[in-house]
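Please go over the structures that come below.
Two complexes, one shared chain (chain A), two partners (chain B, chain C).
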Partner chain A sequence: MNQLLQHLLNAVILGGTYALLGIGLTLIFGIMRVVNFTHGELYAFGAYCMYALVMRLGFDFFASLLLAVALGALVGAVIELVLLSRLRRADIDTTMLVMIGAWIIMQNAEQLIWSGVALSITSPFPSNPLVLGPASVSWTRVYVFVVALLLIAGTYFLINRTKLGKAMRATFQDRDTAALMGIRIDRIHTATFAIGSSLAAAAGALLGPVFVVQPTMGDLAAAKAFAVVILGGMGSVPGATIGGFVLAFAEELGAGYISSGYRDAMGFVLIILILLVRPTGLFARKERIG
Partner chain B sequence: MKMLVGSLALVAALAGTSLSGAHAQETIKIGVTQPLTGAFAASGNYVAQGTKIAEEEINNAGGVLGKKIQLVIEDNKSNPTEAVTTVEKLIGQDKVPLLIGAWSSTLTLAVMPKLEEYKVPMIVETSSSGKITTSGNPYVFRISPTSEMEAKAFQPLVKQMGIKKADFLNTNNDFGIGSADEFSKMLKANGVEVGVRETMDPAATDFSAQLAKIKASGGDTLFVTTAVEQLTLILKQAKEQQLKVRVVSCGGSNSPDQIIAQAGAAAEGSFHTTFFPPWFPDVTTNPDVSKRYMDGWKKRGFNVGGLTEGYRGYDAVYVAVAAIKAAGKADPEAIRKALWDVQVKGVYGNIHFNKQGPAGKESGQNVPTVYLVAVKDGKVQKPQF
Partner chain C sequence: MTRFTPWLFVAALATVPLWMNDYYYLHVLITTGIFIIAAMSLNLLLGYTGQLSLGHVAFFGIGAYTSALVSLGFKVHIAPDTVVSLSPKPVWFAILCAIVVTGIVGYSIGKLSFRVRGAYFVIVSISFAEVVRLVALNWLELTQGPMALNSIPALTLGFGDYTISFLRKPQFFYLMLVMAVVSYLIVARLVNSRAGRAMIALRENESLAMSVGIDVTRYLVLATVVSAAIAGMAGALYTHYIRIVDPNIFLFIYTVTMVIMVVTGGKGTLAGPIVGGVVFGIVPEVLRGMKIVPEVQWIVYGVLMIAIVYFLPEGIVPAVQRALASGRRAFAGLTILTESKAEEK
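Right, the complex of A and B next:
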């Protein structure tokens, strides 16, 4: 029973993390339809920004988070303007290859600058955990969870309740009609990619202090993000959120009660099962596709 | 036109120098395959740095057989498929008569069939899975200890540390599984109850589920086998979940200095096996060699946390050169035969190879010393019980 409580608490906290990884990608992969292999590198970029700002330059922990998010948006905008803006009419394979190239360049640049040695970021939270009966969780993770929920709510609001969000949805449903309606679709492309990238950087900046920072940290994060997006349904923020929690519960309980060796496989087994029943994922509506 | 003639002349001059250079600078090549990028990049780079120190020392002392040695270091990207590609390239293109590699057990096991195919020997500097020297590959010469040796060396400490029930957490690869097998066998033979055996993906960063299960098992000691990055996270996350057990890390690739720097208070009270303790070089078999290696490391400004890894590459190059010298020529078969009689005073101790594996196809296995160190008061210390 005590073990179950700890597993459930772990799953809730982990779910917030996965949801955060998923919502950034659902904008780019789900709405823009760009198979974004740089998502994991933006995650690593956010973590390295946090390391540079907090540990090297001595900036305030929370101000650094905001700065890392802003820099993530900037890098995202640059990737979109330099690489993707030329590929708007290109087929998915071409775009995918270019993004794989960008991913490799970014990961190796991280190693060149910071070396492969893992780095750690000191968090300002107490090192003793928050104890809830028989279970416990670190304060840093509680902080990550709360900020993740705020970012998810903010993204949902942005997509569904703002003019920019409406323009984004319109552009990627039918770019020609959207352009005829006066939407400046080039700007929408850049803005969407920048926002998605900034969310990845935010996830990295939040989780950097929880884990360690190293060049390959983005690989697993990206794999989980793709899983969450596909599980929840392409382009759906509530879907990505719930997908994140479903994946976390599957991994945590699967590892706890079936086999920890297959922990990372549990999520993918679940995805196969869900896609067999609902090929568009849990929450995608038909009109969002194509 | 004048400019064109000028640049043509320059091209000719450059071509000339490189041709004559190739003749004057004939070297003996040694191939090195290490994970310089990917999940094991930190450790792989340390080993590569160690090989370069030895290369420079040997060449400053006149090289071997009247020629300088030249290391050809290839990046196997922490990936078994890439490791095979590097070996194909080193043997096929660079024509190296001898290899050093490939850090992780999985990478080493992946390249071993290629050694037999091309009949080129390899000095294994880090890998610890038993399978490497027991599967009947006569081209493998390992200077690092096996998990079995490590478990055996640990045996006298079981009583001293008062271990009653042990749990395991290891990476889901040849290194982790091999180590957990050997340690649980040894512990059971000494009357210790073995609780749960949990595994993790080598790239995983969150171990909350595994640690919750280990906490429920209620052992007094947790044996962890993985590289330093995961070990750091395990110590931190164990503290977060209030897992109050003694952690012992196995495998020797655990850089206690890096753990103290990154896990902080969570590292307190943990124990780590190592095959070279740079905190007390005087206890090693060859203190002069250990100090020479450490001086070379510090002189080049390498990360001090890598001292517990770099010596593997350093020793491997000295063993390689001793074998080439004894063989009298840079020929793979002659070097393979010569490796059996090599005696090298190294950081690993007095290195020589014993026969291991099926008769007629034995692999070479060195017997290094295993040390256990403790983290106490934020420092690496000799353990006291």
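Right, the complex of A and C next:
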């Protein structure tokens, strides 16, 4: 029972970051119809920013987080303007190939700059855990969870309450009509990619101090983000939020009660099960086949 | 370009081990050839049915593991007191097993994953490859996990008293060449058949293909089965050539290599994967010769991939074909022009 409580607590904490990763990816897919293979690399980029700022340059831990998020948005905007803006009318496979190319370039650039050695970031939080009855959790993870929830709430606010969000939703529903209404589609695309990228970078900057920072860290993060997005239905932000927690629970319980070696396989198994049972996804409203 | 050109190409290749004394280059040619076989099988899905399958390395790896395990023999506990074991079998039989097993896996995966299309299909195919990799990594009793399966036997064939061993590189080169030609002929036969036309029809417009009575899923699954079996065969060849297999064979980067080969050469053309395969078999060697570190080599791959999508979206083979055709047309136009002038006079 105590073990179960601990697993459930871990799952809730983990779910926050998975949701954060998934929301960024699903926004980009929903609005731009781009399967973003660089998502994991932006996650790694956030973590490396954090390492460079905190450990090398001696910046403040929390200021570094903000800076990493801002830099993530900047890199995202650059990728969009340089690579994707010319492929606005291209089919999904074409942009996917370009994004795979960008992913290879980014990952190997990280390897070249930082070498393959795993780096660690020291966090300013006390090392003794927060004890909640029979379960316990480290303070760093509590911080990660709280900031992730704040960022998710911020994204919801941005999408549902601001003018930019309204324009994004309009573009999501019908790009051509939105353009006719005077919405600058190019800007919406750049903004969307920047926001999605900054969320990935935020997740990396948050989890960097929890795990270690290494060039291949992005691959696993991207795999999880894809699983979350499929679970929630591509393009659905609430779906990605719930999907993030579903995946975290499946992983925690799977690792705890089935086999820890297959922890990272749980997401993929879930995807395959969902496709068997309900090919339209858990929360997708629209037809996904096409 | 006549129908004999491909055979001349094969004949020229067949002379390579006779004059190529540097075994390193022979090795490069053999591994390139094996990857070209895999790329040809991917082309069937990517080029002819238009489905971007990014889990293709799974079939390659399953073929490699199946063939290795059948030729080495294995013993696993399925339940605590149920043991499945297999004594070592001849290598030719192991390769056949690999082809059959990957074909069956292709059938089930095709049935499952073609419930969805587009981005969903892509992610499902990646997930499938990743699950297989994790199984290979964690099922220690069967696969030895990261410790790898070692000392895999090489293929030997006996005809009466005479036996050939494909342990050395020149012999293996011929084995690879024969298998590549067989794979090419199978793919060519398939895409030029009624089934191949159905595949192209569904690539061009799936709803239209359905409306004229093409059973879309059936042809997609057929393409996956053939494609998987050929990729599995390539994997089996690879495993008996390198003679060691570990879970890294399932790395996503190998799928990316196959995709780059197909896309560069020209998807949906028979020669495309061969041209692309030769280019990407040579590019790494050139870069290695220039003393470039692997990371930069991969960055060059990435840049090439993006450049091809921008500047040569159909690939090399269609571009060359078009250039040749327009050259011929210009030539024909010139003759007509001069003839009409002559008539005027």
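Please note the rule applied: the second predicted complex is superposed on the first by the 280 of 290 C-alpha atoms of A that agree within 3 Å, B and C clash if a C-alpha of one lies under 4 Å from a C-alpha of the other, contacts with A are read in each partner's own complex, and residues count from 1 in each chain.
We take it that a residue touches a chain if its C-beta (ideal position, glycine included) is under 8 Å from a C-beta of that chain, and two chains touch if they have at least 3 such contacts.
None of these values were measured; they are calculated from a predicted model.
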When chain B and chain C are modelled together on chain A, clash or fit: clash
Partner chain in contact with A:Met217 - chain B first, chain C second, else both or neither: first
Which superposed partner A:His39 touches (first chain B, second chain C, both, neither): neither
First (chain B), second (chain C), both or neither touched by A:His189: neither
Which superposed partner A:Asp264 touches (first chain B, second chain C, both, neither): both
Chain B versus chain C as contact partner of A:Gln3, first or second or both or neither: first
Chain B versus chain C as contact partner of A:Asn108, first or second or both or neither: both
Partner chain(s) touched by A:Ser127 [first = chain B, second = chain C, both, neither]: first
Touching partner for A:Arg169 - first (chain B), second (chain C), both, neither: neither
Superposition clash, chain C against chain B - the stretch among 77-85, 185-193, 239-247 or 329-337 that is involved: 239-247
Residues on chain A lying within both footprints (that of chain B and that of chain C): 107-108, 111, 219, 261, 264
Of chain C, residues touching chain A in the complex: 52, 112-113, 115-120, 122-124, 126-128, 130-131, 134-135, 137-138, 252-253, 256, 259, 263, 293, 295-296, 298-299, 301-306, 309-310, 313
Chain B-facing residues of chain A, complex: 2-3, 6-7, 10, 13-14, 107-108, 111, 115-120, 127, 129, 131, 136-138, 141, 211-212, 214-217, 219-220, 251-256, 260-261, 263-264
Residue numbers on chain A that touch chain C, as the complex places them: 29, 35, 83, 86, 92-94, 96-98, 100-105, 107-109, 111-112, 219, 223, 226-227, 229-230, 234, 259, 261-262, 264-265, 267-269, 271-272, 275-276, 279, 288-290
Chain B residues touching chain A - in the complex, by the definition given at the top: 36-39, 41-42, 44-45, 172, 198-201, 203-206, 208-210, 212-213, 215-216, 228-229, 232-233, 239-242, 258, 261-266, 303, 305-306
